[in-house]
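In order of appearance the chains are A, B and C, and numbering begins at 1 in each one.
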C-alpha cells in the first residue's frame, strides 16, 4: 500500500464569532499558511477536498465560494464531502492510494456556526418523520447518553468534569485555544446544568473557524517534511442512528473503526479524541482501549475549540503536528459525526 | 497502479415529480434493491456505501444518509457522503471506483438520490441572500445569458435548442424509468411552450424529479457475478474551476476541456465522436448539448450546433454518436442522482441492458456530469472489454 | 369518516432557522462604498485584473489583493437574458432584461437590470450607464443603482474586450 503522510497542519485561532470574514476569506489564509510552511505553491497541489455543511452556512452550495479562495486556476481536481472534513481527508487518502499522479493533496474544513444556533440547526440531522418533530437538540441527545453512563454505574458527573479539567489544562499550552485554564472540578460541579446531567464544561464551545492539512505520498513527503506523520491505518464505520436502538454507553462503530485502523492493542503516545461532550471522551477511551501511558488531547481537545465540520480534521492535524515536531512518535486521531458518536473515523499516525 | 473496477449491478427508480408512495428510505432502497438483484448479491455482501446528493436544503434534513444508515445495510460498515453540486452523482461513482482501485473493498454500492418534491426547489437552488438584488430565479435564469453568448459566438440558428429537447424527450419514451414521457413531443410542441428566460423555453428545461440510481461496483474478483456482463471502468476524471473569475468562459469552460482531455489521454482516445458508441452527457437545458459537444471534443469550437442539427446525436435518426439515449437530464432530473444516472446509463449500454434505448453493439461509452456554475466536471469511460 | 380512511402520504413540517449573515470583508468594503455612491474593485497583483466587488485574495492566484480601484458607473453589456417568468418574490414586471455588465476599467462582470431599452434593442456590446436611486435612499446594497440604461453611444467590441481579459490570465 502506498505510503501517505500528513506533512502540514494549520487552523484559524478558535473564536466564538468570526465577525467579518466569510468562509472563503477564512479558508484562504489557512491554506496559504500550510502551503508556505512546506514551501509549496497552490499549483503543487494535485487534489483538493473539503468538508462543510450547507445548513450550518444557511444556504445551498455554500462550499462552492470557498473554492474561489484556492487559486483554482488552471482548473483543479477537487471534491467535497457534506459534513466533517475528516471524511474529506479519507477521500484524499483513498485517491492517493490508487492514483500515483496524486502526490500532494490539500484537505480543509470550515464552518461559522455562530451565525445561527447550532443547537437548533443540528436538530435537522435526525430522522425527519419520527424524531425531528420532537426537536431533539444535540445537547439533549448527549445528555441522554451521559445519563445512560451514570445509570449503568460506569461514570460519575465528576468523571465528566475531570475530562473537561484535563482538556482545559492542556489547552493552556495551545495559543489558538478558545478556552483554557485550571478550574477546580468541584467548582465546575457547582455550576448549573444545561441539560441534566450536562453542564457548560461538558459541552463544546461555539466556534467559528477553518483548518487545513496537507497530505503527501512516499518520497515526496520525505522531500517536503523532515518527519512526516505517516498514516498507518485509517478507517471509518457507522452505527444505527436512532438513540433507542443503541446501547448509548458504547460506540460500536468507534470500536470497529479503531480495529480496522489497527489502533487497538497498540501503544500510542498521544490520542486526539473528537468528543464534543465529555461523556463521549470517556466512551471513546474505552472503545479505543486508550491506556494510561497515552496523553489524551494534548491540544486541549474540544475545549480548544469546536470549529464544526473541521474539529475532526483538527484532531488529525494536532496528532500529525506533534509527530512532525518530534514531540510524539505514534498517535491515534479520531473524528465523529452524527448524534451520540454515531459515525466515527479513527487513524493511526506515526513518525519514522 | 489502481485495481480494476467493474459495474456489475445497476438499478434506478421510476423518476417522477412526486413519489408520495415512498419516503427517503423507500426511494433509495427501490434503486438499491434493483441494483443488488442485478448484481445477484444480498445487502449483507456489500462492503461499503458511497452516497451522493446535492443540497440537503432540498429535503430539509442534514446528512440524511446518517439516519438512513441502518436501512441502507451499513450499520457497522463504512458509509461515505459526497456533495459536489450537480456533478455529485458522478463524483460519487468515482469515489466508489477509487475505494476498489485502492484495494480497500471488493464490493461497493454507489447511490445517488434526491427527493425534490419535499421542499421548494427554486428556493433551495437559489436562495436570495441578503445584499444580493433578486434578479433571477432558478438555474435556467443563471445559464440563459451564457446560451445567448454561445448562439452569438457560434452563429447557431435558433431552432437547435428545440431540436435537442425533442430528441431527448423522444429518447425518454424508450426509457420506462424516465420522468417525462411525452408521446406527442415534436418540434412545434416544444417551440410553442412559453419562453422563460430568453432563449430558453419551458420545453427546453429539465424537470424537477424525485429519484434514485444505484450501482454495484466490484473488483475484478467479482466482476462476473452480475446478471449481465460487467461494464469495465476504463478511466475517471474530475475538474473544478472557480465560480466568479474575471474572464471565466462559462460557454466553453476550461475545467470541462481539461477534464475531457485528461480522460481521453488516459485511455488513448483521440476522436471521441468516432471512438465512443454513445454518450450520456449532463444536458439539463437544451443548449448545453451543442456547447458540451465542443467542450468535450466532439466538435470544433463553433461547430457543436451542427452535430445536434445533423441528427448525429439522435438514436432515432440512426445517428453515429447518440447522446442521452436514456432521455438524459432533460427528461429526468433528481439532481443528486442525475450524475449517477449518466454513469449508470453508459454502463447499461455496454452491458447490453438498455432495452429499447440500446445502441446496437455498444462497447465503449462516455458519461459526464456537470455541476455548479458550469464549473464542476466528473466523467468516466466504461467498456465491455477489460482495460 | 372518508378522510379517516385515506392513508397519510406526507406531513408538512415548516422549518424556520435564523442566521446572522455576513458577506465578508471584500463585499463589505464594496457595500460601504456603494452607500456613498462609489463603486470599488480590487486589483490582482499577478494578472492586473480588476475584480468587482473587491475580494481579499485573487481567485486565480490566491495572492492577497489590497489595491482598491474606484470604477465609473458605466460599462458595456457582455451578455444578457430576458426574463418571462414570474417567481415568488419577484418585484419586476415581465418581460425584463438583466445583463452581465463589464464596467469601464473592470475585468469581472456585475449582474444588473437593464431598463429604458426594449428587449429587441438589447445586444452585447451596448454601452450602458447606471441610473441611481435618490441619494437619500442609499443603503449598503447594489439596489442603490435602480438599473442600467443604454447611453446611445456606439457599441463596443465585446468579443475583443472579453478576449483581452482572458489573455490576462496567469495560465
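Basically, a contact is a pair of C-beta atoms (placed from the backbone, for glycine too) under 8 Å apart; a residue touches a chain by one contact, two chains touch by 3 or more.
Predicted model only: the values in this text are computed from it and were never measured.
In terms of inter-chain touching, the protein chains here all touch one another pairwise. Of all chain pairs, the one linked by the most C-beta contacts is A-B. Most remote chain with respect to chain A, judged by CA-atom centres, is C. Between chain B and chain C the centroid-to-centroid distance comes to 30 Å (mean Cα coordinates, whole Å).
Mean C-alpha position of chain A lies 37 Å from that of chain C. Between the Cα centres of chain A and chain B there is a gap of 33 Å. Multi-chain contact residues of chain C (touching two or more other chains) are listed as 13, 15, 21, 23, 27, 59-60, 169. Within chain A, residues 55, 68, 70, 72-74, 121, 124, 128-129, 132 each touch two or more of the remaining chains. For chain B, the set of residues touching two or more other chains reads 60, 129, 242, 244-245. Across the interface of their complex, chain B is touched by residues 9-10, 13, 15, 21, 23, 27, 31, 49-51, 59-60, 78-85, 87-91, 95, 98-100, 106-109, 111-113, 119, 124, 140-143, 159, 162, 165-166, 168-169 of chain C.
Only residues 1, 53-55, 59-61, 63-65, 67-68, 70, 72-83, 87, 90-91, 94-95, 97-100, 121-122, 124-129, 131-132, 235-242, 245, 252-253, 256, 337-338, 342-343 of chain A touch chain B when the two sit together in their complex. Listing the residues of chain B that touch chain C in their complex gives 20-21, 60, 122-123, 128-138, 141, 144-146, 148-149, 152-153, 194-198, 242, 244-247, 249.
Listed in rising order, the residues of chain B touching chain A in the complex are 1-3, 23-24, 53-64, 66-67, 69-70, 74-85, 91, 95, 98-99, 101-104, 124-125, 127, 129, 238-245, 253-255, 258-259, 372-373, 375-376. Put simply, chain C touches chain A in their complex at residues 11, 13, 15, 17-28, 55-63, 169-171.
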